[in-house]
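Following are the structures in question.
After this come two complexes, each holding chain A, first together with chain B and then together with chain C.
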Partner chain A sequence: MAGAGGGGCPAGANDLQWCFSQVKGAIDEDVAEADIISTVEFNYSGDLLATGDKGGRVVIFQREQENKSRPHSRGEYNVYSTFQSHEPEFDYLKSLEIEEKINKIRWLPQQNAAQFLLSTNDKTIKLWKISERDKRAEGYNLKDEDGRLRDPFRITALRVPILKPMDLMVEASPRRIFANAHTYHINSISVNSDHETYLSADDLRINLWHLEITDRSFNIVDMKPANMEELTEVITAAEFHPHQCNVFVHSSSKGTTRLCDMRSSALCDTHSKFFEEPEDPSSRSFFSEIISSISDVKFSHSGRYMMTRDYLSVKVWDLNMESRPVETHQVHEYLRSKLCSLYENDCIFDKFECCWSGSDSAIMTGSYNNFFRMFDRNTRRDVTLEASRENSKPRASLKPRKVCTGAKRKRDEISVDSLDFSKKILHTAWHPAGNVIAVAATNNLYIFQDKVN
Partner chain B sequence: MFARGLKRKCADGDEDMEGALASLQRQSLLDMSLVKLQLCHMLVEPNLCRSVLIANTVRQIQEEMTQDGTWRVMAPQTAGQAPRDRLVSTEILCRAAWEQDGELPAPGSADGDAPDLVSHLCGAPSAPAPRSTQGCVWDVDGPGEDRGSLQKSLDQIFETLESKTPSSVEGLFGDMDSPYYDLDAVLTGMVGSKSARRPLPSSLFRGQGGFLQAGRPPGPA
Partner chain C sequence: AGGPGCVVCYWLLGDTQEKEGILPERAEEAKLKAKYPSLGQKPGGSDFLMKRLQKGQKYFDSGDYNMAKAKMKNKQLPSAGPDKNLVTGDHIPTPQDLPQRKSSLVTSKLAGGQVE
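Let's turn to the complex of A and B:
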């Protein structure tokens, strides 16, 4: 597939023609709060796509096998399993409600027939096992087919139960519950490359867990000041390195990213590397710090780069160079002159995520008005696309969108003041091997595929 | 709608006008931030990242106003203490160090009124009651932490809003009225008197007139 390393020059995001594939979710204008999608994640093979929502539910989609008899159905995603991961809770000690919203889902690499994922809300992380059952045992001795116990005195002969096929049933069961380790709200979880441990990060602390052990976790980063009145910086995201199991990064609300090595000390309060771009003094304003706050950090698949998302841009960093990013991509620079309004309506605090393509040749992130942006790192071109029901004819190509900043608006352009700031694309995911992307637009999940296939 | 908090060159070069405009924009931003922080106090569990970012913004404005001299003008009688010691976050959000030290340059009326305001706030059925178990807005470690600091921080907000010096307010606002108070009305859902001098509790969350003083306000003029 394009992007997966075929041929001499890998096709970038813009050589591809992105087409609508599917959309999941209600069509109503009236969006139920609980249906708002809060996280999207492909598993390691890309065959499964999980979403979490504000109502604490997880929905997993599975890609259909490509079918010769239906050549146009190029691997559609259909519902595989749905379960309630987290319930609303009440913290009696603090008189506070704990939201059931799923903040993050992370898959574990598959080790046997079952699938495992971690899902977390603000306080509790759960390990879920998703397994298939397609056989049923029949012919029990001690109970009837409908489950009623048979009278032992009536049994005159013994038989061996036999397995019969049944309709596929997918069961999700919670295997571990990792609770009571976070005072503040969990914003990230990340599975380590050793496949045995994972980290969870809240506003001030990062904890390291072993997947088998739920009653103990190790605190590896603590940014809480002795005096809370001195608090000026919080942790916004954290992730393990994809290959080096002792390395992880965490980003902050001051626009800095720290890379830590767990071999250097038990408590990684001091960093091994410190990534910060010096501020441009000419563009300083009262909003400079807020817009520099990093909302997401992601390592490239290669492990050589990492990407940080702040309010207006995406930056790619070479892990060997801390002084400045190697690439900076503007997501919606036209909003820079609107920061005061965006501060007033709180949009300036929106946390956008970002993701790499499978080959790291392209990156993607969301914006407002249901727009999302893709940047091709090789060709240096970028494109703005829209997730909307209007472009939802099967295999319809997505037309690039453009926001006009000046007074003269061309026909297909949209002016900055007409943008709908309630339609924000915060969560996007890219298939690990191919060119399929999942984009969450409030309560709808859009799946786009490329036409090259 | 304002662009940035920076002063901008005015074509006609009227320095006073341009300075006043920038000041007003900055003041409005400060007011907006304070209202947001006050609302944070009322939320079930405030978003810590958001609170920290807003508090840092307020501190930045305060620093700039201190440098400009605008802040120092409103400084309390405790002139011996450097204004920087009284950066906003300490006072608004958590129990202030100077309160602990007992150096209250207390105008009797301000102190006397504050508990009434707070009790009124607690008693008012329509106002969301401050969660006394929450303590300091950032202090969510549990019952071991001080539970009273939320009320105390509210005390401080109400006191300063109530007993600002009329003359200083006039200095900034003069005859300016509607647009800035409409902001408050929109944010608080209340449409009412636009008087900058009218004390609480009728306008519990007003940020009008702003948080002009660095510390305890001087006695009413």
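Let's turn to the complex of A and C:
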């Protein structure tokens, strides 16, 4: 899929040559559960990249400034800050453990020198402030340089403390803790375009919060049936519209997406729009509903489209048309004839995420065997790439990968039966402005950049 | 449909017992039902949802355990099925079912070491 990006035309995903840039994480064969990355997110400028893991830790990487003296460190990401966001908790009433796994991280737009992000586990959302300190005061009156208090009666003269530079220290502190509003497990958080509110969604309910208020939230969607025996559908993801602060969407386990308008009523149980692709009843099987379950929903940056990810495909929807998607991209259709074993090993329940490129011209999502897929919406071309340490020479180009289904396997292809289903790429992120992507492969974080960059 | 790596399916009218004629999904469904004949008649739905809502490690509770034992008297306590994490019916975690202790919290490996 090589080719130079055109002179004046916007380059699509496949005009780019994706190259290995960096890989973070240990090389151990034995992966500790806590090290499994559970979320990846760039901030609004793309200068910061946050990861959350099953051990409740957040690691933030910062992009190095382009430096003439070190031309090869072309925008590399290095560790900026790391902290323990959530710890395991125990619900004594139900004798249930509350996992510390970070389900989602969402950045707030930057408003001052500090950076803010929301991170959540199954039950509690926290607002973290990440700030830099590069100065420290010296020459206090009441205490020594080593902090010991001076005897006030011995002080004969006063001095003004002076600020002296110190090595950069990045501090993370929890500024708000939003707890006890979800009976079920939180799967999504989304910051509103008003920069004042955000939503949190669990399996059955969605709540609206104000960033300043921790002891109160408003329930805006409630899908809990009066009788739990009648439960047929759960909420799988939710997101606010990027520009319209009154609009949000939520997706379901039945493959439907609802768009809600908060101006219409306080409780948005009735949707404003209902997106569902009609199903051919003759093709229905035991697996139909399971594989139609939407694992992720994302608005385009433009706000005109949204994308849904189900088990085998990614669909792009025009918000003005509810009846069917405008694009359907097959991620790994060859798995359709493996559904029985994928059901037995639970892989059929894997929740893959998806993301848009900054210009919305391309979309990306993960697959198995550490493969990930990119679809160029303009050229209609797609490519399968692999996140692997075997291809990790600096600036090495990624070679497109191919899965073969038939008996005849070409030399560079891999057969469906040889795919490693334990190597899943569930979380990927695309830099908001440039062609840099972050791909989480179990406990390793890969960063790829394009050659043109 | 069509194109590299895509399974092309043909409907054969009439004899639906011919495996070649069935959609790959239906063939997979037949495989599954052959392995697990008692699998619910309704398509994958509520069972999964309830399992999903109950996600979480249930721990040993001596109060529950002793009360259940007293109720059962001579009968055996229902033990954990193949899926130890699924809490169903009267299942109460027993000391034998206890999960391994989690290891202590340390700094993420993403933040340490040289790598690259």
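FYI, the second predicted complex is superposed on the first by the 443 of 453 C-alpha atoms of A that agree within 3 Å, B and C clash if a C-alpha of one lies under 4 Å from a C-alpha of the other, contacts with A are read in each partner's own complex, and residues count from 1 in each chain.
The criterion applied here is as follows: a contact is a pair of C-beta atoms (placed from the backbone, for glycine too) under 8 Å apart; a residue touches a chain by one contact, two chains touch by 3 or more.
What you see is a predicted model, and the numbers here were worked out from it, not measured in a lab.
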Fit or clash - chain C, chain B, common chain A: clash
First (chain B), second (chain C), both or neither touched by A:Phe349: both
Winner by number of chain A residues touched, once chain B and chain C are compared: C
First, second, both or neither for A:Ser200, with chain B first and chain C second: neither
Which superposed partner A:Ser313 touches (first chain B, second chain C, both, neither): neither
Which of chain B and chain C A:Gln115 touches, first, second, both or neither: neither
Chain B versus chain C as contact partner of A:Gln62, first or second or both or neither: neither
Which superposed partner A:Gln449 touches (first chain B, second chain C, both, neither): neither
Touching partner for A:Pro88 - first (chain B), second (chain C), both, neither: second
First (chain B), second (chain C), both or neither touched by A:Glu289: both
Partner chain(s) touched by A:Cys340 [first = chain B, second = chain C, both, neither]: both
Where chain B runs into chain C (options 25-33, 79-87, 97-105 or 169-177): 25-33
Chain B/chain C common contact set on chain A: 94-97, 184-185, 203-204, 228-229, 231-234, 253, 284-287, 289-290, 337-340, 343-344, 349
Chain B contact footprint on chain A (complex, rising order): 93-97, 183-185, 203-204, 228-229, 231-234, 236, 253, 284-287, 289-290, 293, 337-341, 343-344, 346, 349
Contacting residues of chain C [partner chain A, same complex]: 4-7, 23-29, 31-33, 35, 39, 43-46, 48-50, 52-53, 55-61, 64, 93, 102-103, 105, 107-111, 113, 115-116
Interface residues, chain B side, partner chain A - complex: 1-6, 26, 29, 32, 44-45, 47-50, 52-53, 55-57, 60-61, 89-90, 93-95, 97, 131, 133-134, 136, 138-143
Of chain A, residues touching chain C in the complex: 22-26, 32, 34-35, 37, 51, 53, 55-57, 59, 79, 82, 84, 87-88, 90, 94-99, 122, 184-185, 203-204, 228-229, 231-234, 253, 283-290, 330, 333-334, 336-340, 343-344, 349, 394, 402-405, 443, 445
